[in-house]
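This report concerns only the one structure given below.
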């Protein structure tokens, strides 16, 4: 991509790479090559395909079509080609010391005195990236703060480990670092690249991208939509390139309802009224899901069940938070109404069957028998069951944690309509979504950044641009 | 003070042992002699070895409910086959270690619950032990007897051996590279796998190490008692779990300490002697061990909590 | 019909039990069938009662197991016999004492698990040491006989079926109704599949755990009470074999060790099988050692078979 280096010398080259997850196309026709000395700023909204691309480069995923090669080193495996990744989710062993963690990813550290060498190597790496870091290489990782752990991960990523790092992929490396430390990292990236290394840098801090990247690659809907030297972008054009995920119908905003009484007001400023659909927006992983889960846990008890729950939860991470995998569709759907219909503590199986059958037609669960296992359904239909579970109860507040992941467009339209009609009947919805199109249907939107509410938008203020603006830190990191 | 304890996990078990030892000497000053100490810690060596064996399994987030039966089997083999036909005896013991390695591989490969598989294995080991030695008897090989009853200068055998065992296993598990990787498996197996390590072989290695320490425990036990029976070490299963926990180890997360495990085993051995010096009725001795276990765990909980709130 | 029957995970334990029965009959040429059935039902009943409790705990999901069952059995039996003091007409008093001991032990276990955040294995283990001491202290080596009427009842039979088996059967039906038909049962099964998802679906998961740990202790206490009445008194190691067999009958019976799935009929099949397989190996003249060895191999074989079946599904 950089004209100065010939393509044959590039560290990694992707040619027409595609990646499918079942019917979902995560990446289509991506070609990219990264040469020594380059720092690629990778930007894009949620689900644009950034993490899929990164995992294809580091060998975590195998492409469905196309080719990933490492011309400069001639290696076939990313690890041998000197490609390292530093992920957002922490991948250290918390029970080991900093130096011992280096041992895990550095298999040439053996023999007598390996501890000393590991200690020297990681300390040198930390010193060169974060001068004055104050981390003792003999401390166990679980005693470090989140920021310090992140620093250690970065240091391990850049450490020699017996074979020099050629390409280091940093996925939101500054998300838990403060501004000063983040600047140290940016400085180090520049020196690293000047010495012939390459970096892929993913960040929601637009300022950082402009500071450090030599090239900016913009992704949208699984494609690279722009890839130009940084100098050719301005902040405005960059946001413009990322945005407008759904150019189609965002006029679906229903008639604004008269605000009802306030039913919810949390410490961090989240407010919801009766009959409102309140959106939570921002980039994924900025505290929305945690805030909603906490909200739910605070308002329900682990010690007794209410006959009619005060609040119900629709999970987005179905496997972790929603599906009870051994059960049938029926049992999954009706778990929220058991107490409501029970007699003498026994399940009213007739009522249960009635509710399940009613919701099967109402929300359109595609199955010939609701007694089939929940796992026999497709992801989208499983999600419908979770909606049915929540809406079947008479709970006044419904919390939705990005529930439309992997749901097809038809289902989405059905569910949107259902949410609007339920809201009209006086229910309150708290809706976290990573899709701007959905957030734009809400009566009020709270944008989260770094675990806090960074903006509150009402009515006509709810536009894609305003949400994007609040999601990304537009100022210089050091400012 | 609290932070000191929380930072150095080994302090709490060590202090518990010292307090208990001081209390014992206070109650029974005559115990403060070469022979007294030897008597107090007489059975500490096999328990320490058994605790280390359990620690190897807990290091990779599993648990072994068959350890007591396994050690009983080793004891039976030591007192019979190893005594009569040393070469065959050694071969059988080596095969047992190999069996442990296979067990670890099987549990990892088929993703079986270790608690159930080792439960089943406890029947197998106990059955084999009963077949080899249907009624109590046998005799310890003379060399083993000599090793276990040697009288080193200054400190009795039990203390010297405990220090040696603690030192060697500390080097193996905490200091060495492979021990570090094994602890890493307990801490974050996915990340160790991603770094290119063969998890199946690591798991088998951890189980094999447990087998080695189990065999040593059985042999040491026979060296002390001179004869064996099929139920001789059944209570070691629970003792070894308690020893690891007392020594600052945890069930999951690869947080183990070899020195701590040995200290935990010594504490358990001493607790029994101490309770008898207390003139506590023998009825309460088992219960007092349970209470000590709960107390130490409560203390640890308080320390870790405080430490967390203080940042 | 046959196909749906074979699809049930409990059927295998019943087939195995029937096979063991058949093999014994083959050897004795049909003699002693009634005695064998009587013994299997009587001894199987105790394993079934503790197995029901252990099954409920294991249903709570990985890591949940009660190791204090033997100690609770012994303690409940000892205190109940002490309370009754061999006096006639005190059977119900004894039963009440046993149930009270069970409630106390169960709540104490859960308190350790919940308040001290101890893993259930270590919590129930430490607690069991204390229960054991309590039993030793209150027993003091005395062997108190159960009241004659209670002993007669425990060893007697009604319409040809041992009374202890009838009681175990009633308890099984109750547990089955709770698990399969009640709201609480749904909560328990849901919690065992995914504790977090269950909590987010509105299930009061801590209540479920507390009640379950209490239930297993009460069932163990009742089993201890019946066993002492059946065998003419309590002894300190009377519960010993039930630690392993309570877990074994759950696994053999087809309940998933991964949680969220219970199987009451399988508990019975497995309890009968465990007794019959030992009798079978016995009647074929195998020694105690080989019997245990084969029992262990059978347990592991069943666990492996269950896991590979799950893998294919």
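Per-chain residue numbering starts at 1, and chain names A, B and C are given in the order in which the chains are listed.
Quick note on the criterion: a residue touches a chain if its C-beta (ideal position, glycine included) is under 8 Å from a C-beta of that chain, and two chains touch if they have at least 3 such contacts.
Composition by chain, UniProt nomenclature: A = Ribose transport system ATP-binding protein; B, C = Ribose transport system permease protein.
The shown structure was predicted, so the numbers you read here are calculated from the model rather than taken from an experiment.
*Asks:* Can you name the chains that touch subunit A as well as subunit B?
*Replies:* Where subunit A and subunit B share a partner, that partner set is C.
*Asks:* Tell me, please, which two chains come out on top when C-beta pairs in contact are counted per chain pair.
*Replies:* Max contact pairs: B-C.
*Asks:* How far is the middle of subunit A from the middle of subunit B, if each middle is the mean of its Cα atoms, in Å?
*Replies:* 44
*Asks:* Quick check: how many Å separate the C-alpha centres of subunit B and subunit C?
*Replies:* Result: the chain centres lie 30 Å from each other.
*Asks:* How many Å are there between the centre of subunit A and the centre of subunit C, using C-alpha atoms for each centre?
*Replies:* Between these chains, centre-to-centre, one finds 46 Å.
*Asks:* Show the residues in subunit C shared as contacts by 2 or more other chains, in ascending order.
*Replies:* None at all.
*Asks:* Can you check the complex and tell me which residues of subunit C touch subunit B?
*Replies:* 62, 65, 112, 116-119, 121-122, 125-134, 136-137, 140, 244, 247-248, 251, 257-258, 287-297, 299-300, 303-304, 307-308, 311
*Asks:* Would you pull the subunit B residues touching subunit C in the complex into a rising list?
*Replies:* These residues of subunit B touch subunit C: 63, 106, 110-113, 115-117, 119-132, 134, 230, 238, 241-242, 245, 251, 281, 283-291, 293-294, 297-298, 301.
*Asks:* Touching subunit B in the complex: which residues of subunit A?
*Replies:* Listed in rising order, the residues are 60, 79, 91-96, 100-101, 103-105, 107, 109-111, 114-115, 143.
*Asks:* Touching residues of subunit A toward subunit C in the complex: what are they?
*Replies:* So the residues of subunit A in touch with subunit C come to 293, 296-297, 300-306, 309, 312-313, 315, 320-327, 331, 335-336, 338-339, 342, 345-347, 349, 389, 393.
*Asks:* Residues of subunit B touching subunit A in their complex?
*Replies:* Answer in residue numbers: 7, 175, 177, 180-181, 183-184, 186-188, 190-192, 194-197, 253-255.
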